[in-house]
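Each structure below is given as structure tokens.
One chain, chain A, links the two complexes that follow: it is found with chain B in the first and with chain C in the second.
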Partner chain A sequence: MKYAYYPGCSLETSGAAYDVSTRAVANLLNLHLVELDDWNCCGATEFFSQDELTASAVVARNLALVGPDFDQLVAPCTACYLNLKKTDHLMRGDKKMSDKINEALAAGGLNHQAGRVQVRHLLDVIHADVGEAAIRDKVVRPLNGLKVACYYGCQMVRPFNDVDDSEQPTKLDDVLAWLEAEPTHFSAKAYCCGGHMTQISEPQAFELIRRILQNAADGGADMIACLCPMCQLNLDAYQSRVNRHFHADFRMPVVYFTQLMGLAFGVERKKLGFGKEIVAAGPVLERKLRTLQQVG
Partner chain B sequence: MSEKIGIYVCHCGSNIAGTVDVEEVARWAGERIEDVAVARDYKFMCSSLGQQMIEEDIKSKGLTRVVVAACSPSLHEKTFRRACEKAGLNPYFLQMANLREHVSWVTKDKAEATAKAKALVSAAAERVKRHRPLEPTFVDVNPATLVVGGGIAGIQATLELANAGYHVYLLEREPSIGGHMAQFDKTFPTLDCSACILTPRMMEVGQHENVTLLTYSELEEVQGSVGNFKVKIRKKARYVNEDLCNGCGICSEKCPTKVIDDAFEAGLGQRKAIYTPFPQAVPRTPVIDVDACRWFQQGKCGVCKKVCPAEAIDFEQKDQFVELEVGNIILATGWKMFDCSRLPQYGYGRLPNVYTSMEFERLCNAAGPTGGKIVLRDGKTEPETVAIIHCVGSRDVKCNSYCSNVCCMAALKFGHLVLEKTDAEVYSFYIDIRTPHKDYEEFYQRLLGERMHFIRGKVAEVTDAGRVPFENGKLIVQCEDTLLGRQRRVPVDMVVLMGALEPQSGAAELARICGISRGESGWYTERHPKLDPVATMTDGVFVAGVCQGPKDIPASVAQGAAAAARVQGMIAKGKVTIEPITARIDEERCSGCRTCNGLCPYGAIEYDEDKSVCRVNAALCKGCGTCASACPAGAITAAHFTDEQIFAEIEGALWDAGGAPAVEAARPREGNAPLQKQSWPTGEPEQIST
Partner chain C sequence: MIAMPTDQRGMAFLDEVIEEVPGGERLLHCLQCGSCSGSCPNGPDMDYTPRSIFALIAAGQREKVLSSNTMWCCVSCYACTTRCPQNIPITDVMYALKRISLREGMATGTDAPALAKTFTGLLERYGRSFELGLASRYYLFNKPLSMLKMGPLGFSMFTRGRMSLTPTRIRQLDQLHAIIEKARQLGGAT
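Moving on, here comes the complex of A and B:
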């Protein structure tokens, strides 16, 4: 299975653990991810509300870079995924816009034919294309006893709901269950993490973060598995400030689902980017996973 | 021999005459169309004077064909056919040209409209010359009726017919009749006990000398047509001999296996592996649930057999097939509840104290699993706050766009019951409150005066993720209050989802078996939405109750009675007319390829194995012509729509083809140039057996 791969900016910096674990897991699952050559930023969440045409052209450049050998583009970051998908959708429905964007791309000798490339989220590829049997087959270190709150956030399930339910998605829960971890009851699984609200109004952002951490803790989760570097950053890096703000005492590690997959597949923790998170996952994993205690 | 055609152009007041130059059309037709003996225009052709004019012309001028250029044939074809018949002309020697719906109402330019009117009149005249006399046939009506579905609509239809002295076979899929009404606690708006008004009707059906009750049975096959249906019914094995069982119930009492009752108790209660669904069930004969029974699963137990005093338990029983002959069929198959877990944001199936409206009915019911106590899933805690959410799966383009009609009133009823039985606060989350029937609005007013809180807005989600301490341990209903113009979070203990009514499972299959159609939402399609609500496009098949569209008990009962009245009308008449406009297969030319068999939407084509040919059952055929156009051998002729007639009609419509453009031709011009004629294939001569 061969896919064009768009890591996005976050995966080179704050979300590096997502990138290394994705590559490690893909390798084991025979997912051939070929990184786009000379890709650029997707514009993140703000650019579209500033100037739709320019923002779309910036995103469309990445779509245009997908070579003729590929018809699917995989993005692990949900913001990148949504922007890529949104742009292609926009170009398919709006011929005028599409022509304008291609006019801009032509300056760089590029062209994007809307609809040619299918934009996929990594979770969707792992759930649908790899599937249960192949994943269970690779598990050498089952995650029995580890209670995980599966957190989806907004951008994978809204506004497009073709991959999973908009309100109560379940695919990440499935994948964790295939690793034999225990997905917890987690009603806030698709609540907003606050996004860039941390930069605008901290009290509002902290409340959005708190309600997710609270609900995960209420459900008895040992840690949160997420699939977006923005969500990971907000829930993890702001956790101590949320604690201070609300006089709370959350100690909830937030890791990428690909890290847990790699762990179950027997990959060394160092090679999966563990240790980069701020609320340390190591002690929880060691306490919960007896197999880890034996192997080290 | 040439025909003598009478052409009658109607003004329809100013409806046609306002746009079409009707006098010119009549004049032109009289002068230019061959074989026209008389051409007139008249203010209202459908009036008695207009009809008299036609009748007198037929008699005095010896007309052999009639063209009425007026409105749509669906309005007045019958009128003018009758006029022809009264004057001694075969009614099928009439053809209508639609100058109103097809011309005057849809054309602005008078010259264009007049040209088109001429083309249509010319087409009708060319066609009618080639019409053949047709005679309708008559068949006797079997006075027995099959009613499918033993809910309140089916029960009503059954009793109406049985009390009128006719035999009824009442078919029910479940072990007992009663339907959903048997599950309800109270009925709105009067709050009388549902079982108290239903069970006497059930008893009456069970004991009626004119009713044959076929419960735990399903319709497998329908053959024949109106007046003479042959139906095949599967009687599922009960493993209890109905003739021997006296309904004492000791088998259920002693049965050691308990299972969750997903049907009657909506999953809230339990029943035994051998059971009658509820104490007042009709018939009293129990059934064995094979999936739960120890005898069938493990080959041991047999307690019921040991204790039965009537020796009625029969583990060897098999499904039986019963074949019946009936004249009419009434479908009253009802509805099923929307699967509320399809809207995961409301938490049904995930958050324990979220209930469906059917579960809540059982919770309120004094004979239900909690003895009528409104308590949470733990079985003991009384809720302090209850939220009732309207339109779950209704009025939602993602699920069902229609309004389910009964939920607003049921929600008001629930609110009243909670207030009556507990001290809880009740919040009703609605989009619009719809209470349009007799005494319904008054009931709403009554609830407004009780302690019920009404919040207008569609609920976004029901969650257990609390934000503030007092929300912890509660279900929070998040909603935009559109009257207040702000977001609200209402913490409650219990949530009731007013699920949509959806077509009963198996509705599509039954529609196929009976040859009727379903609308976009899956409800059975009536013949006319206003004027013929219980008949279907298949003669002899009627619908009643919710299977035709969501409705409440009074409306279902009214439809049950209406369908029965229609059937009584058929029985009283004794005979049904079979339209002669049907297809016929020339057996000499039929190769037996059976292409037509699969295409016929009415199942009217039978295959004769011995002769390897197909044959049309004229009683079932609606004359749609699908088979005739598909037959690769051209062996099928559709009476009244023969190739010859259709080609002649086209030729007539193209009277000016090859000459001046139609609009120009319609303008006054000098001289009378002859009509341009082209030769078209005339097709095969029509063969009609009389």
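Moving on, here comes the complex of A and C:
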């Protein structure tokens, strides 16, 4: 199984643990992820707030860079995923816009034929293309006893509603169950993490983060598994600020689902980016997973 | 008959918004049911909730809408969009309102436009960007005091190798610039 891989800017820095764990897990699962050569930033939500045509052309450059040997482009970041998918969708539905975008691309010697490349989120590829049997087959260190709140956030499930349910999605819960972890009841699983609001209006963002942490804690979760670097950043790096703001005492590690997959597949923790999270996951993992105390 | 306020091009505000959004004609079908406002996590902080904004747009209240903080509170969670019984692309309408408001210089009282400009500035300079570097740069240039408050957070991100000082630069930056320049000529704003 061969895919073009679009890591996105966050995975180069703040979300590096997502990138290393994705590559480690993909190797073991025979998912051949080939990084898109010279990809550019997708513009997040910021570019679309300023100029739609330019924002779309910037995104489309990435679609145009996907070589003829590939027909699928995989993105682990949900914001990148949505921008890539939305732009292709826009071009398919709006001929005039599509022509303008291609005219802009032509100035750089490129062209994108809308619909040629299918944009996929990493979780969808792992759930649908790899699937239960192949994943269970790789588990050498089952995660029994680990209670995980599976957090999806917004942009993988909305607005397209095609990969999973837009309000109560289940695919990440499935994957965690295949690793023999215990997905908890977590009704806030597709609530908004606040996005860039942490950088604009903190009190507003803090309340959004609080309700997610609270709901995960109420469901008895040991940690949160997430699938987006922005969500991870908000829930993890801002957790102590949220505690201070609300006089709360959350100590909820937030890790990427690919890190937990790697762990269950027997990969060493430091090769999966563990330790980069601000709220340490190590102590909880060691307490819950007895096998970890003997190995690494 | 009540005269509808219009923009410089003599176009009713509702039409102006519709023209700016792919699928914007759906706005004509708003039922004022309020599902969007009830779904919005940021509703309480908005000057007008999404439902009220659509009523104001229909009433031609251009200035009220464009100078409000509503669209700048929107974080693109799409909760409203998937719940709207009339399939109105609400999140895209919010993006459109941001663009019109920026163009008209009516975005005041919010830091969101500064953040957006800093972010796209980085993108144009390097072809890449990043989250926290973006924050530090943003805070450095716009809000030195917030940067100080952020200190320990930035520090712990840095020591964990999660923050760098500049983004990586793409190889074919000239190509990206040519695309951006052409797109702007073709009708994008600057």
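Points worth noting:
Please note the rule applied: the second predicted complex is superposed on the first by the 295 of 296 C-alpha atoms of A that agree within 3 Å, B and C clash if a C-alpha of one lies under 4 Å from a C-alpha of the other, contacts with A are read in each partner's own complex, and residues count from 1 in each chain.
Heads up, the rule we're going with is that a contact is a pair of C-beta atoms (placed from the backbone, for glycine too) under 8 Å apart; a residue touches a chain by one contact, two chains touch by 3 or more.
No experiment lies behind these values; they were computed from the predicted model shown.
Residue by residue along chain A, chain B and chain C are tallied for touches, and C comes out ahead.
In the overlay built on the shared chain, the residue A:Tyr191 is in contact with chain B and with chain C.
When both complexes are overlaid on chain A, the residue A:Asn40 reaches chain C alone and has no touch with chain B.
Within the superposed three-chain model, A:Asp174 lies out of touch with both chain B and chain C [touch as defined at top]. In the superposed model, A:Arg158 lies in contact with chain C only, and not with chain B. When the two structures are aligned on the shared chain, A:Asn215 is found in touch with chain B, with no touch to chain C. Residues common to the contacts of chain A with chain B and with chain C across the two structures: 167, 191. In the complex of the two chains, the chain A residues touching chain B come out as 165, 167-168, 185, 187-188, 191, 207, 211, 214-215, 218.
By the touch rule above, chain A contacts chain C in their complex via residues 9-10, 12-16, 38-41, 43-54, 56-58, 61, 90, 93-94, 97, 100-101, 103-110, 154-155, 158-159, 161, 166-167, 191-192, 194-197, 199-201, 204, 208, 229-230, 233, 237-238, 240-241, 275-278.
Taken in their complex, chain C has these residues touching chain A: 20, 22, 41-42, 45, 72-73, 75-79, 81-82, 89, 91, 95-96, 98-99, 102, 110-113, 115-117, 119-120, 122-123, 126-135, 138, 153, 156-157, 160-164, 167-168, 170-172, 175-176, 178-184, 186-190.
Chain B meets chain A in the complex at residues 343-345, 347, 350-351, 461, 463-467, 472.
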